[in-house]
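Letters are used for the chains, namely A, B and C, taken in the order the chains are written, and counting of residues starts over at 1 for each.
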Amino acid sequence: MTHALEVKNLSVDFHTDSGVVHAVKNADICVREGGILGLVGESGSGKSVTSLAVLRLLAGRARITSGEILFRGENLLDKTEKQMRAIRGSHIGMVSQNALSALDPSFTIGAQLVEVIRLHQGVDKSTARAKALEALELVALPDPKRRMKSYPHELSGGQRQRVVIAIALSCRPELLLADEPTTALDATVQKQILDLLLDINKELGTSILLVTHDFGVVAHVCTDVTVMRRGDVLESGTADQVLNNPQHPYTQGLMRAVPRLHLDATTRAIPRADRRLFEFHGDTTKEAANVA
Amino acid sequence: MTATIRNRLLSTLLVLFGVSLIVFLLLQLVPGDPAVTILGSGATAEAVAALRTELGLDRALPIQFFDYLGGLVRGDLGRSLTVNAPVTDIMLPRFANTIILTVAALILCIVVAVPLGVIAAHKQYSIFDRVSMMVSLAGASMPVYWFGLLLIGAFAVTLGWLPTSGMYNPRFPGGFTDLLAHLVLPAIAAALVPLAVIARMTRSVMIDILQQDYIRTLRASGLSTNSVLWRHALRNALPPIVNIIGLQVGYLLGGVVFVEVVFGWPGLGQQLYTSITQRDIPVVQAGVLFIALAFVIINLLADGAVGLLDPRTRRKVGA
Amino acid sequence: MSTLVAGRTFPWVRRSSAGGPVQVDTDTPKPQWRLAVRAFSRDRMAVVSLVVLVIVTLAAVFAPLLTPYSPTAGDPVDRLAGIGTEGHLLGLDGQGRDIWTRLLYGGRNSLMTAVVPVFVVFPLALMIGLFAGYRRSRAGEVLMRILDVLFAFPLVLLAIALSAVLGAGLGNVMLAIGITLIPYMARVAYTAAVSEASKDYIEAARAYGANPLLLMFRELMPNVVVQLLVYSTTLCGLMIVVASGLSFLGVGVIPPTPDWGIMTADGKNVLLEGIYHVATIPGLLILVVSLAFNLVGDGIRDALDPRKQTN
């Protein structure tokens, strides 16, 4: 099994005024080539930090203290900034969660696409514009030709997210990092975007690292799952394995915490004031579960 | 969009009306009778009364004001009390000189302050940032006239590199280079305070922008730091920066009085100063009016520029 | 019966039926004064500046105790003696007057013309801003538009024009500066009042039927006062420069009354002869005091920022 991305023993520390925070601790994460990995966890689990670390886009206070990030056989942590810039946007694309504010408000959609395409592919303007149009058609943006001249504020949230995905895919990267791409969107739009990601994975063969806190998303889209909590990787496996047969008690608890749309008789019998949210007191080390 | 333009022009006209009203009222606050000032204290009562009627000073105040407004629209600002010439003839050439000085100072401001602010924001908390912001704060607290004197003392008197005053060499008036040599020190003096303020504000705006989400998208697309900073971030920072520059022009225009006095630059400010000491009220009025007018127009232009720069306020292409 | 809400007592809020206190969500946590003082004291530049201001003020107040000379009578024999002359630490000016003495006595006038107008206009601007901004009424907006006309004049220019018209003299200068400041301070108070009035806790109190006047004075005013105070401190820094500038131009205090601006003007005449100390020293002091006011203003603003306060 070849990996599109292999993260080995990654540790990331943040140096804050009140001390050092270990955001990621010795994490091992693998994205199968052609697969969609769901990186799941609650807030503060270190999942977003991991995806930023892959592209080496972490802010100044963060330090990668150990590990390797293997992409196409090379360790990204050894690369110079110039080499990373050649990878970002062309071999690895990124889509983040704030769809409404992810696009530069002062430039048209077309201009932003053309800029990235010309940067990585060195083609002239008209070729770049043609490729930009292709990218917009790829993400099924309605009326793409007219939208090339639109500004981001003229588009809805879902449309903007499609554009962001288009930009990320414009140079046909091997890997796409999607950091909670649907969290900020309406429910109906969420499904559309997820289906779009599935299509892209199928048509282009792009491997996807999908960071999310929503198991519903995982169930819908992912082929593999990795669960994180407070910087530790707790459990990894195929989606089937983890969703249907979670090994780690934390994962089991997370699955139970997913709100069901129907209340069963037992739950309704408890007075509302006494219903407690899920709290986990167990052991979070890897050894506590049989991790694949 | 035309409705907004119409409203803006209307409110600008109202402001200009208010400005001329205030300038007119200034005259009324002056103690003493203008006719007596012109004729001297030894004049007879009849002569004073005759002059008052001739100047229209015996009519009701609102009528005087509308006369004044009428004169303004026609370009007639009255006659100077000390020099026997229409005020407009005195003021226009001086206004041109002040514009030269102001434009030079403004260019200096923008060319130095904006990049300084951008780089300080990019390297936030670095030595460069702290030092440049500290220097900016000191610059913003500096009295313009004192700084001008320092410049003269250092560069003109001690080092002798540049002339001490005036606009051209009085004995051998040269061309452009002569003007430039005389322009350097006054422009630097005039530019200092606005430069410092613009630099600090640019830094503040850029810091906000660099924390926006789209900056991360741009970097994730592989764009270089320079491209992100100067092509994208600065572009988004332009509306508030242009706004600030427009306001700082006001400070420039206020400080130009001091600079012209210190450097003997034959502009509007120096004329204002002389007229104040000589109690030549029509000229003082005209000077204040010119400067206020310039400020209002520049702010109008700045607001227009801001409206054009931000795509969200430009006319929509269509939903 | 008054109820504790978000740490303050509101006489008009009733208890909830379950018996617990009603929680009203405030938009921003209110800064506590003790924390603010502590945060301020951690800002070294601000503390140093405050000390400088206090020293300068005390020196000006106690001027006669700090120098034996007269600020207005001078001995022309020794005119233009330089720094370090025996008996005259900072030298003499063009009329033989001791510069150190004139700095001290001049400090009184310079500081007064800068600070007094700001703090006299403060309550007036506060009232204008509060009444105009509390309810966004037509009257309020019209008033602010009228004040907007005054913004068309550069501040310095308006001060010069008013001074010229009113005539020189200490009182007239303070009056001219005061009038010039009204629109600026009123605008800041107005903006602060409008933004505070739209916050949730005010709306909640209004919904509970609070007395509007009481609400304005007890809840709105303290926040507006604080923002206006920060602005006023920075404004004092600017006014020191403007007021001395007016004296420099000859429309400020009347000579031989000492004032840092007039002293600089005196120095201008001898500058071309290569004598610098007469002009340089007073201007330097203006710069230092203005900078100090700015740093203190920044320090107060940062200290009151609830996000910067840590235990």
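The criterion applied here is as follows: a contact is a pair of C-beta atoms (placed from the backbone, for glycine too) under 8 Å apart; a residue touches a chain by one contact, two chains touch by 3 or more.
In this text, all values refer to a predicted model and were calculated from it rather than measured experimentally.
Student: What's the chain with its C-alpha centre farthest out from subunit B?
Tutor: A
Student: By number of C-beta pairs in contact, which chain pair leads?
Tutor: The largest set of C-beta contacts joins the chains B-C.
Student: Rounded to the nearest whole Å, what is the centre-to-centre distance of subunit A and subunit B, using the mean of the C-alpha atoms as each centre?
Tutor: Each chain reduced to its C-alpha mean, subunit A and subunit B end up 52 Å apart.
Student: Please compute the C-alpha centroid of subunit B, do the same for subunit C, then give the distance between them in whole Å.
Tutor: From the centre of subunit B to the centre of subunit C is 24 Å.
Student: Taking the touch rule as given, give the residues of subunit A at its contact with subunit B in the complex, in rising order.
Tutor: 55, 57, 85-90, 93-94, 96, 98, 101-107, 115-116, 119-120, 149-151, 153-154, 164, 167-168
Student: Given the complex with subunit B, which residues does subunit C contribute to the contact?
Tutor: Touch residues, subunit C against subunit B: 145-146, 148-150, 152-157, 160-162, 164-167, 237, 241, 244-245, 248-251, 261, 264, 267-268, 271-272, 274, 276, 279-280, 283-284, 286-287, 290-291, 293-295.
Student: Under the touch definition given earlier, write down the residues of subunit B that touch subunit A in their complex.
Tutor: 212-214, 216-224, 232, 235-236, 309-312, 316-317, 319
Student: For subunit B, which residues are in contact with subunit C within the complex?
Tutor: Residues in contact with subunit C: 11, 14-16, 18-19, 21-22, 26-27, 29-31, 137-138, 140-147, 149-150, 152-153, 157-158, 164, 250-251, 253-255, 257-258, 261-262, 272-273, 276-277, 284, 288, 291-292, 295-296.
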